[in-house]
Every structure is written in structure tokens, then in C-alpha cells.
Amino acid sequence: MQHLAIAPILLPLLAGAIMIPMDDQRGRLRAALGVASALGLLAIAIALAFLADAGDAAPVFVYRLGNWPAQFGIVLVVDRLAAMLLLLSAVLGLAALLFSLVRWQRMGAHFHALFQFQLMGLNGAFLTGDLFNLFVFFEVLLAASYGLALHGSGVARVKAGLHYIAINLAASLLFLIGVSMIYGVAGTLNMADLAARIPALPAEDRPLLEAGAAILAMAFLAKAAMWPMGFWLAPTYSAASPPAAAIFSMMSKVGFYAVLRLSLLLFGAEAGASAGFGSTWLFLGGLATIAFGAISVLATQDLSRLAGASVLISSGTSLAALGAGQEAVTSGALFYLASSALAIGAFFLLVELLERGREVGADVLAVTQEAYGGKTEEDEEEVEVGTPIPATMAVLGGCFLCCALVLAGLPPLSGFIAKFAMLDGILNPQGLGQGAAAVPPDGWALLAALILSGLATVLAMTRAGIRSLWAATDRAVPRVGVVEIAPILLLLGLCIGMTAGAGPVLRYMQATASALHTAPSYMGSVVPVDGTTEARP
Amino acid sequence: MSLVVLSWSLFAAQIMLGLAFGCTAWRVLHGPRAQDRVVGLDILYINGMLLLLTFGIRTGTDLYFEAALVVALLGFVSTAALAKFLMRGEVIE
Amino acid sequence: MNHLAELPAPVALLASALVLAGAFLSLAGSFGLLRLRTFYDRLHAPTIATSMGISCVLLASMVVFTALQSRLVIHEVLVGALVVLTTPVTLMLVARTALHRDRLENNPGVPRAAAPDETAEHPEAARPEGPPA
Amino acid sequence: MPDALYLSTAIGLPYLGALVTALLPANARRLESWLAGAVALLTLTMVWLCYYPTIAEGGVVRAEIAWVPQLGLNLVLRLDGLASVFAVMVAGIGLLVVLYARYYMSSDDPIPRFFAFLLAFMGSMMGLVLSGNLIQLVFFWELTSLFSFLLIGYWQHSAQARDGARMALTVTASGGLALLAGVLLLGHIVGSYDLDRVLASGDVIRAHPLYLPALVLVLLGALTKSAQFPFHFWLPHAMAAPTPVSAYLHSATLVKAGIFLMARLWPVMAGTDAWFWILGSAGMITLLLGAYVAIFQHDMKGLLAYSTISHLGLITVLLSLNSPLAMVAAIFHTMNHATFKASLFMAAGIIDHETGTRDIRRLSGLNATMPFTARLAMVAAAAMAGVPLLNGFISKEMFITETLSASTAPTLLHSLLPLGAALASIFAVAYSLRFIHGAFFGPTTGDMPHTPHEPPQWMRLPVEVLVFGCMVVGILPAATIGPFLDVAVRSVLGEATPYYSLAVWHGFNLPLVMSLIALAGGALLYRLLQRHLNAGIDGTPLLRRLDGRRLFDRVMVFLSWRFARTLERLLGTSRLQTQLRLMVCVTILAAVLALAPHDFGLGVLQLSPADPVIGLVWLAGSLCALAAAYQAKYHRLAALVLLGGAGLAVCITFVWFSAPDLAVTQLLVEVVTTVLLLLGLRWMPKRLELAGSGRLLSRLRRYRDFAIALGAGLGLTAISYATMTRVSPEGISRFFLERAYTEGGGTNVVNVILVDFRGFDTFGEITVLCIVALTVFALLRRFRPAPESIGVPDQQQGDVRNWMMVPAVTMKLLFPLIGVVAVYLLLRGHDLPGGGFAGGLMLAIAILLQYMAGGTRWVEDHLRVHPLRWMSAGLLLAGGTGLAAMAFGQPFLTSYFAYADLGWLGKLPVASALIFDIGVFALVFGATVLMLIAIAHQSVRSQRAAPTPPPAPQEER
Amino acid sequence: MELILALSIGVLGGSGVWLLMRPRTFQLIIGLSLLSYAVNLFIFSMGRFPVGRPPVLEPGTAGDPAQYADPLPQALVLTAIVIGFATTALFLVVMLAARGLTGGDHVDGRRQDH
Amino acid sequence: MRWLLPHPVVSAGLFVFWLLASRSVAPGPVVVGAIIAVLGGWALALLDPPQVRIRRPGLILRLLGRVFVDIIRSNIAVARIVLSRRPARRAGFMHIRLSLREPHALAALACILTATPGTAWLEFDPEEGWLLLHVLDLIDEAEWVHIVKERYEAPLLEIFR
């Protein structure tokens, strides 16, 4: 049973490792392996979520790799937050993978292996309880994301990929600087151990620790695309192949996850002199990101750029909500995170179907192509979609509408519940009717930001939707396969499910937020107070 | 007495090697042509390796021998690759 | 450095001499690399370091460790062997490169080919360098 | 309980119907309309079932379904008098509209979609009026916006429909967001979103400091939805919708949602000056403006649209008056307006349907060709104009009475009210006359696309029903509508319900005089304007410039182009340099901000004495680094060599401070990196130093960058120096030192950490390497070089065999030698410096050397490396070691260590960590070779450039 | 001694940051390499640069922390080196692909200014 | 035997290398060394290098001694040139026509000439056998030709025949 904690990492790893030497003749086997692994991950994630939700605030599993005591070896920690993110990444992974089966998997080499490693990296980042191991998993997921971002090659992807990689390499260096500073001052890498050490830190060492945390945060915030470090996101995501972009909708959440986990664990209420460190900046950065995302959303004419800009808004919203520092807002933000990740994933997949028919190989320089051996790859392959769906435009339109509704936070889908939950949390931090204290100014700012960004999204989505679905009447109806639309329907169906089942889902989120805001329960179960240097069992 | 002599000679030797390192680095810096830099780098590696060996003597551990071995082997590979690039325009044809 | 105190005096003195000689020769070679005026001249300087310089230091190391560990320690030979084996390769390649580039740029005083020809029969001494590339 | 069932059916059934209809085939028009009609009828029945006896007796039906109880958001279905009036309108007129649409819609249109949207809209409207929770109300509020958007844009091929739909959605959804904010404030003030609790908290709300913001936000929602000035402009453009939609949404339901909301919250939010001023001024302007503009509309539906705007303004003014009697009038006029306006829209639709045009200028003499329809339209129009004995008259008279009684109040607006009312009534008569006179009278030979004739009887039936209603209510108000109105009013006003009389005749009083003056004045005005109107000029006199649509478009364009694009350019960038610069600056700022509040200083640790050797090495190393930075633009090779110099300094430093493992690894990596970069240099463009790079601007940029770089460097120095002068914390490293040998079985603590204590990191790290190699391989398979670098480099004259003959001998000999070193590093790693990573890289270098010596083809004729297999095997081996532990019931990667006694050979240390390390070795070797070979292959590919596609540089050979 | 190392970290880091902000891809890659040297040394420096401590344990003993260097930063540096190596290789190849597809070596594609 | 040890000399070298590197002659390292030596030989065989046949071990030793002496001598000479303030010397290129063609022998000669400061191997023309040398102190060209041809080439010709 314990081993269930590591399964989300091992399963894709082994699947990926087996796929590496398979050549294109074994494409079907490779795809089957990939789907099997994704399904397995989904099953595991569901099981973990149920197990995590069954217990109290403490993590359900603390898996000690190599059987070393937690603060010396590396631990994986499964709590509600981790389980929820695992589930999200499993769902998005499955959807993106299914979508890719029709044609994107053949647009370049090693797609399936890279995809599995991507999932492994994501899962590892969510599970690990060790700061440096988090770096390693960040690198795993980033490396795979580089591969997926470049999957299919072409000018746009390579140009955007270059920026993406350069910025993330720089961010990784910041990560290392931050982690090592923290180690240099606190002498540990285990997050829980670190949290336990911070309150007792000598005053003269505190500035260094906080500076380290600030630098570390920059690495995360660059990945979460906080303004002004997120300009890479929209070009990269919009240039990436749709399945990659869909799974990337989880990637920007990783940065947020790290900030969430660490800021609440290390600088929560129990952190002594460091309590609440940086939350103001987080809040301001989040607001700036929302503003910039809203501006980008308004400014863009392109569907996939629109999707990218929506990621910015979503990131900014999560960050600002976290910066607000209220448990009630955090739970709303978690709900929002899940809902927007699903919708953005679906939107990226959908955009490709809507824009299908653009020439694939057009972006390769014609001159070199001729001189360099011509059409060597599968560039010119016909779009063969399998069984096409009926009433294509109606289905696509419906899906677009759903995505737009979730992203804009309009009823009736989960985006509305999410925004409402956050706004309610801002206005009534103690709960509705529980002492109507005056709302602080930052509450008003967040409220305005959420409402206005929703408005901007409505405007942009309406414009884009009308242009691509209604105005283009003379265009040929794209051929869309059942396998392609199914994942989109799956993701949007989950959004609908999150609306209908908002009560239980939000209850899970509230339990998660409450556990996050009470760091000692996490600390206590990861690093037991007594057995600090206890020998290997 | 002999200990003092040896210590000081090791120290002096390391200073000399450090100076040699500096001289070579200057050649690498100054060029003027690529081939000069490549030769410079080769010797830089040799100087570095000698530093490691003297350091090994100074500390009395032969654990730095591997590092020296690797320097000897790899300094060659990188300078050979540089030279090959200069000579043929690409490292692997 | 208390471990060095265990060394017998003659060994220590021998090692000192060898280390100093090796370091000095290496410094001389590097200094030559700095000082000599043409590339082809400079090609010679480092070989002082790669031959005697290294040998002396390696010998010193062998002596010291043999004395310290009271058994024959000669694995340093490997380093020497590797250097002897590899240095020519680098230098040959670099030299060949320099020749080739000088020829391409028609720098005077460089033999046109491996075989002797009329103009290069009696090459003069130090040639001026070509312009930096 | 049956009440709850009825109410949830009333909301759920339309949605269910919508779903079923959407799935029906496109040609099943009859079935679809029957289904829709049945749904509407059933919905109406449900309301009816609740109405009697509970509502009729002044009760409230309430059902609660748990949804998100934590947030105070439950599905609360609540039917009272006010809601039932609206619910009946929604379901009843819905039923009529379905019947009408059955004949109106053409078979070319996608009928299932139409009915699906219509039913969904009906459901949303029902949800709105039945909401017992404010958030739920907003929820359905936005849904009505959404489905109205879909209905307006139903004929999506028409640009007008698209623009109209977009405008409607933009305005109403924005208003909805404002409403959400307002409702949240109300919830905050009251402590609940439940309507009953909110309605009970009027005093608290009005006294709260947040009252005004909440009021403004709520009213923003109401006014946008009800098309009140200045948000009125969307409604005329929504006329691009099919006429049944206009009849339904734009007379009876959607636009009344705002009225509903204002009436709903009237008990708790009205009664203040702010309420009066906002609503009074907006309503008054709308009333007059709408009526005035309506006169000059040539499109029948346009006329009706502006008239609707005006009537909604009327109702708004009534609501603004803070008087219970005005409230009665407002509700009454709402009902009346719904009946006559819906019938008028339907009539206009019939005319459009039968003649092919709605242009009043083209229509003529329909009184003769379609007499029955004409009579119906005339009666409805008369109701609209406020002619006595029709329902419009009664409510309008109540309106005038209220304005007159309000005019005694102190403010200017109050005193202007009767004047406005009179003027608006005159306009109303004028446009009603225009509607009738323009279309039905005059010569029968208009220039109409079709020859006009009466519509099918069933298509006329809804109009007949509604007109009948107008007349009945107009003649016998108290007997027909009275009870319903009373229940509705009581549900709003409760105890404060005033006495009012629904009589047709109140005696010859001032209001009646004003009505009569209005009728006469309107007729006169129409007569005066007839010349102008017959001239057929587009646009409204005096208000030509006030084109809401143009303004809207300008705002939209400004928002997305000028504003958003400019801001995006200002606040964002697409340039990598700027992005990286920002990142560095933000990080520096973050660190400074974190350090600044404290007094950040050095620690107390005794510094170790400076070693001049390291000083010399670093003098050289620093110079190399600086020179590399300086040279990297024009002298790439020089920069590369200098980078090597700096790397060597790092390596020596590692040795100096007791980290031989790091030194070895650093060196290996540096060499492979150098070779990789060299392999890449071949494809880079030639770069010549250009004059003129010293422009002032670029010089300034460089100074700025220099300052940033200096800051970053100083920052790193300061932090590392400050840390090094501090005492080490009592950290976790003691554990590693103490257990490395006793429990990890190795003396090289670093290696034991890497393969055991923190083996999982290593596992991840080799995965990274593996991923990168795969990516490199995939990317290079589609590599296209720039045209000018395809050719063979000019240095390559003569055969490589010849040139490399002597060096190649040595390089080949080195192959096994380096291989042995690789194995050596691998096997001893656990105890001494070395390890799988170093070994793997070493072996890759051995292969690389052969490629350098012999060229790609030669090597591949002799050697078969299968890098992908090595990688896979390595990863599986490393992973398998971890899994093996699981088989023994231990966590993943738990190490096992023992000495196997091999007799005379001695004891062989068997550590699972070694197997793990072998996995690392294989993977690193495979990945490195794959990358090197993949890049190297590009030269071969380019030289083979030929019509036949070259095989991809697969791993075999 | 500490100051020398801190300064060299600063010089490496500063040069790297300078190159990071340059317009050519090759400058960027050299810059990233220099920066990763700086960062590796920086991580290493967080173990407080012990001078003259033995790098490996005496066989059969448990190490005394006062006698040995802090091994953990070293292990971290090793991981960082490997990952840095991998990413540098990847960046190189992307740089090549960009060069091939855009025809230039500007970080933003074909931009010509400075 | 051929298949087991295709390159016995190299295998022997590798075996010695291993033992030296392991710093031990215990049975364990010996066995591993033997395995590695065999594997190394096979690896080299993959590359299909020309077979080396080395004769006259005595001559090899004599040559090594001679080279050793020369290295010391030329080290001193070159060090003097480098360090002297105004060196009286004439550096220059010179051609020597070699009879050696065997690659290993040429490689050995290159090692010798490189290891001896003062002479630098620049270019070799395998067809005609012309070797282009650079000599730091080219006072007597004939003397250098003699050294290369007689002192080094002749024994090498004997050894690699």
C-alpha cells in the first residue's frame, strides 16, 4: 500500500524507459503502452485522492526512499494537495495523450517517451518533500517539456522554444542558488525539517534565509509566469503542438504549487519572525499578472495566443489569491486551479481543431528543404482522423463555449464557482456571516481584478469565438475524429462535474487549504519529533 | 628540517606552477590566433594537472591522482577537438 | 602536513629537488609560451613542461608515496604515459592547422608543402605573424 | 414536498427539453415544436400548481437543494407573488412564442438548435425569477445573457446578427459581473445570500457603509439588462434575431429581468436618494430618448425596440420613485407591456414573413391585404400608445399620477417628472401612429418583395390571445388581473402595500387630461413629422451623432487595439534579452528587498588564510571568464577556449577543497560540452566585426547591462562571502558522514549520497539526461541547416585519412585505454572518486575520439553503438535496482550491501548501489553518445543532400 | 581565502549575466555555462570551503563531521553539473535548429540591430 | 589464441594499466584486469587497426635510453633559450625525407620528436615521405637530419618491420 506513493513516478518512468528503443514499426505498441500507463496513473491518482481525503490534516503517506529517515534521505509525501494535483495531471495527461493518437504522435520522434517523462516529472514535483529533489523533478519535467514544446519542429516552435529554454535555464540556476542558500543557513533540505528549523533560526542568519527563499521564489514565479517574468509563456504555449500545450496547462501550475507549498509551510503562521514572508509581493505580482494577462487577452486576435494569455490570468489569479493569505481564499484558489487547468487544457486541444487546415510544413524554409534532402519527414502527411464526428461545428462550438465560460468565470460552469469561492473568501474570510469585519484594501483590489479579468476574457472570447465559429461560414468544416473530441469532452465534462458536485469538491479543497494553513500537521508526520537520527528500520 | 625544506619547496613549486598557469592563461587570453589559444589551453591543462599532483603530495593523499589522470586524458581530447575544428572546419566529418 | 614529517630526510630532500625542478621547468615552458615571438617558436616551449616538468613532479610523487605507504607506488607512470602519448597528437594537429591557415592567407615564410620547394629551401628565422583573425 | 418538485420541474424541464431537442434530427420540425410547446405548457402548469392555493393566499413556496452549502450557495427555489407574475409571463408567452415560431421559422434554418436555445433560455429565465439565493440569481442571470446571445446570433451567417449578439452579450454579461460583485457585497453586509434573509435586512443594508457601492453595482446589472441609458444601444441591434426571439426576449422576459431585480430588491435597497437619483435620471432619459428615437425608425422591429427601451425607462422611473403606489404601477405596466409588446413583435414578424420586408417606408396598405392581422396590430399599438380601454392606458395613467404626486418633492428632477411623462406620452402616440399608419394604410401597391396575404391561422393565434388579453385587462382590470397584481405587490411591499384602485375611470382628473393631451399632441406631432418621415432619411434628427453602436465599436476597438496593444507593448516584450534582463533585475531586487529590512552582515567565523596558489589560479580563471564574455560575439572559438580555462580553474578549486569527485565530473562535462559546442559551431553564421556598433544608444544599453551584471556579480560575492563567514548550522551532513560506511558501505561519502542516501536525485538526474538526449535526437531529425552552411567547410581540402594518419594511430590506441579508465572510474566510485556518471562520460569520450579520428562513416563501418538501447537498459537497470528493494518489502531504492566470498579471489563487495551505478553508467554513455552522434550526423546528411531522402541518423551503425 | 572564492564566484557570475543579456545565441550559451560554473561554486561555498579535509572516509569508520568536508553540497553540485550539462547540450541543439530555420543567430530570430 | 587476444601487446598494456591504476596485485584486481585486458583487445580489434609487429626489444630499450638522454639535453637547451635575455638562435622549418611508412612507427617518431623540446612535427606527406619539421635552434640543418634519420628513424625501422 505504501508503494502507491511512488507509483505515479515509477509507472511513467518504466513505460518511458521501455519505449525508448522502440522504433516506428512498433508505433501501436508504444501508443498502447502510453495509454495504459496514463490510465494506470489515473487509477492510482484516484485511489490516492480517496485515501488522502479519508484521513485528517496529516499526509496519508510519507514514503521514505531508500528507507532513510526523512530529513536525511528523500521522502515523498502524499497529502490532499499532492493527490489532487496528481489527479489533475493524470486527467490532463490522459486527455492530451488520447488527442495525440490521431496524428500528433507521428509529428516527431520519441513523442510517447517524452510524454511519459513529462508525467513523471510533474508527479514527482507534486510528491516530493525535499527541496533539492524538487529541483531535480523540476528539471525532469522541464526537460520533457522542452522536448514536447519542440515536438514537430518548425520556425515558430523553435524560436519560442529557444526563449522558453533560455529563460528556464536561467530560472533553474536561480533555483539552485536559492536552495543552496537555504541549505547553507538552515542545514537541511527536507521541507518539513526546514519548516521546523526556521522559527529557531538565529536572527543574524534570517536575512540570508529569506533572501534565499526570495531567489527560490523567483525560479518558481518565472515558471508560474508572474509578471514581469512570464512573457515567454504565451508564445511558447501557442507554438507548441496541442497535446503538449494541453499538458503544459499543468506546467504553469507547478510553479504555483511550489510557491503554495513552500510559502505556507515555511512562512506560515508558525514561522516566527519570518511568518508571512513575501506574501505582499506575491499578491502584488499576482495582480500585475492578472492585469497583464487581461491586457494580452484583449490584445490578441489569435486563438492559441488567447489560450496562452488565459494561462497568465489563471496564474496571476492563483498567485494573488495565495498572496491574500486567507484560508478561505486559498481553498477557492485551489478549486480555481483545478477548473482552469482542465479548461485551458481542453482549450488548447480545441484550438487545433478549430484552426485545422493550416499548412503544416509551411514554416520550414523552402530553400533549405530542397537542398537538404527535401521532404524527409512526415510533414506532409494527410490528416487522417479516423471516424469523424457528426455535427462537427456544433460540437466544436459547444466546446468552445464551455471553455470560454470556465475561463471567464461565468455561470454555469466551474469557473464561476471558483471565482465565487475566492471572492466570497475575500469578503468573508471567517466564513459568511461570521463577523463581518471590514474588507481590507487588497481584498477590494483582488475583487476588482477578478471581475475585470473575467470581463476581458468575455470580450476576447466572444470576439474570437464569433470570428472562428460564426463568421467563417465559407470555410470547410474540419474533419474531427471521435478520438480527438473525446478528450476535450472528458475535460469539459469534468468542469461540468465540478460545478454539479461543487459542494464535495470544494469541501476537499477546503480540507486541503486548512491542512496547508496548519503546517505543524505536515511537519509532524514527515519528521517525527523524536526519531531524528534514528537508524534505518 | 627536511620537513621544512619539503614544505617550502612544495609551496614554492605550487607558486611557480600558479605563475605558469597565469602565463599560459595570458597566452590563451591574448592569442593572437586561434592556434595559440589552443596550444595555450593544452598547456593550461598540463599546468593544472601538475598543480593537482603537487597538491596530492602536499596533502599526502593519492586520491587526487584520478583527477590528474582525467585531466591528462581529457585536456588532450578537448584541445584535439579544437585543433581538428580549426584544421577541418568541423570536429567530426 | 604532519604526514610529510614521517618522511626520511633524504627522501624529503630528493622530493623537494624533484618538485622544484619540475615546477621550474614547467614555469620555463609556460614562460616560453608567453615570450617567444612566432607561433612555430611557441610550439616548442610547452614540451619542456610535458616532458621533464611532468616527469620530475611524477617522480617526486612516486618517491613520496612510496616512502609514505612503504610499498612501491608507481601508478603515476600512467599519467606520464598518457601525456607522452597524447601531447604529440594535439601539437601535430595544431601545427598542421597553423600551417594550413598560414598557407590559406599566403603568409610569407611558411613552406608551401611538406615537400621542399625552391622558395622554402632556405627558410629564414623568425617570421612575422599573420594578422590576427 | 410536491411544491419543491413542481418548482424544480419548472426549472429543470426546459433544460431537459433543450437537451432532447438539440439531439433531434434537423428535419423533425413538427416534433420539435410540439416538444417545445409541451415543455412550455408543463412549465406553466407547474407554476400554476404552486400558485394555488399557496401563493394566491399570500404565501411563499420554497424548496432548497444543497449545492455548495459551505459558501452559502444552495439551490433555493422560491416562488412568491412577484416571481409568479414573471414566471407566468416567461412560461405563458414562451408557449405562445413556440407556437408562433413553429410557423415563422423557415425549414432552411437549423430548427433543433433554435428550440434548444429557446427552451434553455426559458429555463434560465425561470431559474432567475425563482431564485431564492442571490448568487443563484446571478448564476441564472448570466445564463439568460448567454442564451440570449446564442439566440440573437442564431442567423450566424449575417454580420448584423453576429454584431448584435456580441453587443448584447458584452453589455449584459458585463452588467452581470457587476451584479455579481454587488450581490457579493450584499452577502457580505447581510451575512447570507439567502433572499429571505436579505429581504429581512433592509435597514442593515441601507445603513451600511458599503450600501452605495453595492447599489451601484447591482443597478449596473439591472440597467444593462433592461437596456437603460446609457446601456440601451444593444437592444435595437438585438433585433437581428428571429422575430420570435424578439417577441420573447425583448418584450417579456430578458429585458424584464432588470426590472425584476429592481423590484425584488426594492424593499431593501430603495428608499434612498441615491436610488432615486440613479434610477430616476437613467429612467427618465431612457423614457424620453427611446420614445423620441422610436418615431424615426423605419424598421418596424427597430421602432418596437426603441419603444421597448422607452417603456422600460418608464418602469424604471416608477421604481425609482420610492413610493409603494409607483411600485404597483411598475409591476402592472411590466405585465401590460409584455402583452402588447409581444403581440406587436409577432405582428411585425408576420408582416415580415408575408411581405418580405419590415421597412415602414416600403410597407403600405396592409389593412386591405391582411385585414385581420392589421386589426390585431392596431389594437396592440393602441395599447402601447395608452389609448383608453386598453391595458396600456391604465398603467400609463398610474404612471402619470405618480409623477404628478412626486413632483411636489423638492428636487429639480422631481419637478421635471410630469413634464417628461407628458412628452414621452406624446412621443409614444406618435410612434404608435407611425407603426400603424405607415404599414397598414396608404396605397396597397407598396414595393414589397412578396405579395402580402394573411398568415396561417395558427400563426396568428398567439397574437390574438395577447391582444385579447390587452383588451380584457383594459376593460375589466380589477376582475382579471387584479388578484394577481395584488399578490405580486403584496409579496414585495408586504405590510406597506397601499390602497390602489384598478378602475378604468377615475374621474376627470389631471392625469386623464394629460393622457388626452398626449393623444392629441401625438397625433399632431405625427402629422407634422410626416413629410420628414416620408422622405425616408435614415437616422434620428438632433441625435444623429449619438450612435450607440458606433460608440460601442469605437470603445471595443480602442480597448483591444489602442489600449490593450499599446499596454501590452509597454508592459510586455517578446525579446529574449529584455526578458532575461528583467528576470535578473527582479531577482536582484527580490534579494535586496529580503536583505534590506535586516542588518545583514558578516558572520563571526575565523577566515582561513589565503592560499596564493588559488589566488593565482583564480586571477587567471577570472581573466578567462571576463575575456570569454568579451570575445563571445566575434571570436566564438576564443570564447570557447577561454571558457575551458575558467572551467579548469573551477576544477582546481574543487580539488583544493577536497572534492575530487566534483573535479573529475566537472572536467568530463566540460570536455564533452566543448566538443558539442564545437560540433555546433560548424552551423553558425560567419561573424565579422562590424564598424558602427558604437552608437550612443547601444553604448548606453551596454553600460546598463554592465551595471546589471556588476550588480549580479557583487550580489553573488556578497552572499557567498557572508555565508562562508558564518558557522555551519548543525545540519544533516553529520548523518551522512557517520553512516556512509557503516550503513552505506562506501568510504566516498559523496558517492554514497549520490547512489544511496539521495539516490533518487541521481535517478531523476539521469532521467533528465535521457530526456534531453531524446529531445536532441528528435529535434535533429528535422534539422535544416541555413543555406550558406550546407557546403563542406573550406578547410576541408584533401582526404582526412591522409591528414589524420599519424594522429589517428594514437587515437585508436586510446580507445581501449580510455574504455579501461571508464570502467575503472565506474567500479571504484563507491569508495573513491569516480562513479557511474564519470565512467559513462569517459566511455562516450572514447567513442567520440574515434569519430574525430576516422570520421562518421569510418567509425560506423566498424562500430555499432546502440545508444537508445544503452539508455533504455540503463534506466531500467537503475529503476530495477530500486524495484528489487520493493520486492523485499522495502521502500524503493533501499540499498543492499554484502560481501560475497569468492574463495581465493577474496571477498567481493556486492552492493545494490553498484548495480544502480552501472545503470547510471549505461544511460550516461548512451545519452552522451546519442547527442554527439546526432549532431555529428548532420554534416554527413548535408553532404548527402540529394533528391533521395537520406535515412534519419538512427542509432544503428 | 573566502574572499578570493567569493570574488571569483562574482566574476564568473557577472560575466555570465552579462552574456545572458547579449543578443547572439552563442553568447547566451557561453553565458549560461559561465553562470553554471558560478552557481556550482556557489553551492559548493555553502559547505563553507573546508581546507585540507580528507575527501573520503577511512575504511571501516564513521566520519566525524569536524574532520571532513560537508559532503552534501558536493553531491548537490554533482547533480547540478550533470543537469547543467544536459541542458547546455539541449540549448545548443535548439540554437542550431533556430539558426537553420531563421537563417540568423539572433536570439529573437532575424533581428539585425545591435 | 588470436581471437582471444587479437592485440596482445595492447592487452598486455591494458593489464598493466589496470594493475597500476588499482594499485594492487591482489587476485581480485588481477582477474578483473585480465578480463578487461581481453575486452580492451576486442574493442581495439573492432576498429581494425593495422597489425603491429614489434621486434628487437633490446633495441627498444636502447632507443628509449637514447631518447631519454636527448630529452634531458634538449630540455636544458630550450629552457636556456627561453630564459636567456637575447637568444642567439635561428628558428626555422626544415624538410626531412623519411623512409618510415608504418603508421605506428610514425606515431612513435612523432612522440619522440614532440617529447624532445626544440623540434616540432608539422606535416607529413605519406606518399613521398617528406616530413616538415620546425626547429627552434636550426644552427646546423644537417645535424638535425642526422639525428632524426640515424638516431630515431633507423631503430624504428628495425623495430616495426
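Order as written gives the chain letters A, B, C, D, E and F; numbering starts at 1 within each chain.
Criterion: a residue touches a chain if its C-beta (ideal position, glycine included) is under 8 Å from a C-beta of that chain, and two chains touch if they have at least 3 such contacts.
According to UniProt, the chain labels map to these proteins: A = Monovalent cation/H+ antiporter subunit D; B = K+/H+ antiporter subunit F; C = Cation:proton antiporter; D = Monovalent cation/H+ antiporter subunit A; E = Na+/H+ antiporter subunit C; F = Na+/H+ antiporter subunit E.
The structure presented is a predicted model; accordingly, all values stated were derived computationally and were not measured.
What's the chain with its C-alpha centre farthest out from chain C (Cation:proton antiporter)?
D
Measuring between mean CA coordinates, which chain is farthest from chain A?
F
Contact counts by the stated rule: is the higher one at D-E or D-F?
D-E
Please compute the C-alpha centroid of chain A, do the same for chain D, then give the distance between them in whole Å.
Taking the average C-alpha coordinate of chain A and of chain D, the gap between them is 17 Å.
With chain centres defined as C-alpha means, what is the inter-centre distance between chain A and chain E (Na+/H+ antiporter subunit C) in Å?
Computed from C-alpha means, the inter-chain centre distance equals 28 Å.
Please work out the Cα centroid separation of chain B (K+/H+ antiporter subunit F) and chain D, and write it as a whole number of Å.
Those two chain centres are 60 Å apart.
So which bits of chain D are touching at least two other chains?
Chain D, residues with two or more chain partners: 574, 576, 580, 584, 615, 621, 640, 656, 660, 681, 716, 719, 723, 726, 728, 731-733, 736, 758, 761, 765, 768, 771-772, 775, 779, 782, 784-787, 794-795, 803, 806-807, 810-811, 813-814, 817, 821, 832-833.
Would you pick out the residues of chain E (Na+/H+ antiporter subunit C) that each touch at least 2 other chains?
20, 28, 42, 45-48, 52, 54-56, 72, 79, 83, 86-87, 90, 94-95, 97, 100-101, 103, 107-108
Which positions in chain F (Na+/H+ antiporter subunit E) are in touch with at least two other chains?
17, 21, 23, 107, 110-111, 121, 124
Of all possible chain pairs, which ones touch?
Result for touching pairs of chains: A-D, A-E, B-C, B-D, B-E, C-D, C-F, D-E, D-F.
Taking the touch rule as given, give the residues of chain D at its contact with chain F (Na+/H+ antiporter subunit E) in the complex, in rising order.
802, 805-810, 812-813, 815-817, 819-821, 823-824, 827, 850, 854, 862-863, 904-906, 908
Going by the contact rule set out above, which residues of chain C (Cation:proton antiporter) touch chain D in the complex?
Residues in contact with chain D: 82, 85-86, 88-89, 92-93, 96, 100, 104.
Chain E (Na+/H+ antiporter subunit C) touches which residues of chain A in the complex?
132, 136, 139, 143, 146, 150, 153-155, 158-159, 161-163, 165-166, 169-170, 172-173, 176-177, 179-181, 183-184, 189, 363-365, 368
Show which residues of chain E (Na+/H+ antiporter subunit C) lie in contact with chain A when the two form their complex.
Of all residues in chain E (Na+/H+ antiporter subunit C), those touching chain A are 20, 25, 28, 32, 35-36, 39, 42-43, 45-48, 72-73, 76, 79-80, 83, 86-87, 90-91, 94-95, 97-98, 100-103, 107-109.
Residues of chain D touching chain B (K+/H+ antiporter subunit F) in their complex?
Residue list for chain D touching chain B (K+/H+ antiporter subunit F): 612-613, 615-617, 619-621, 623-624, 627, 635, 637-638, 640-642, 644-645, 648, 651-652, 655-656, 660, 663-664, 667-668, 670-671, 674-675, 678-679, 681-682, 792-796, 800, 803, 807, 811, 814, 818, 821, 825, 832-834, 838, 842, 845, 848-849, 851-852, 855-856, 932, 936, 939.
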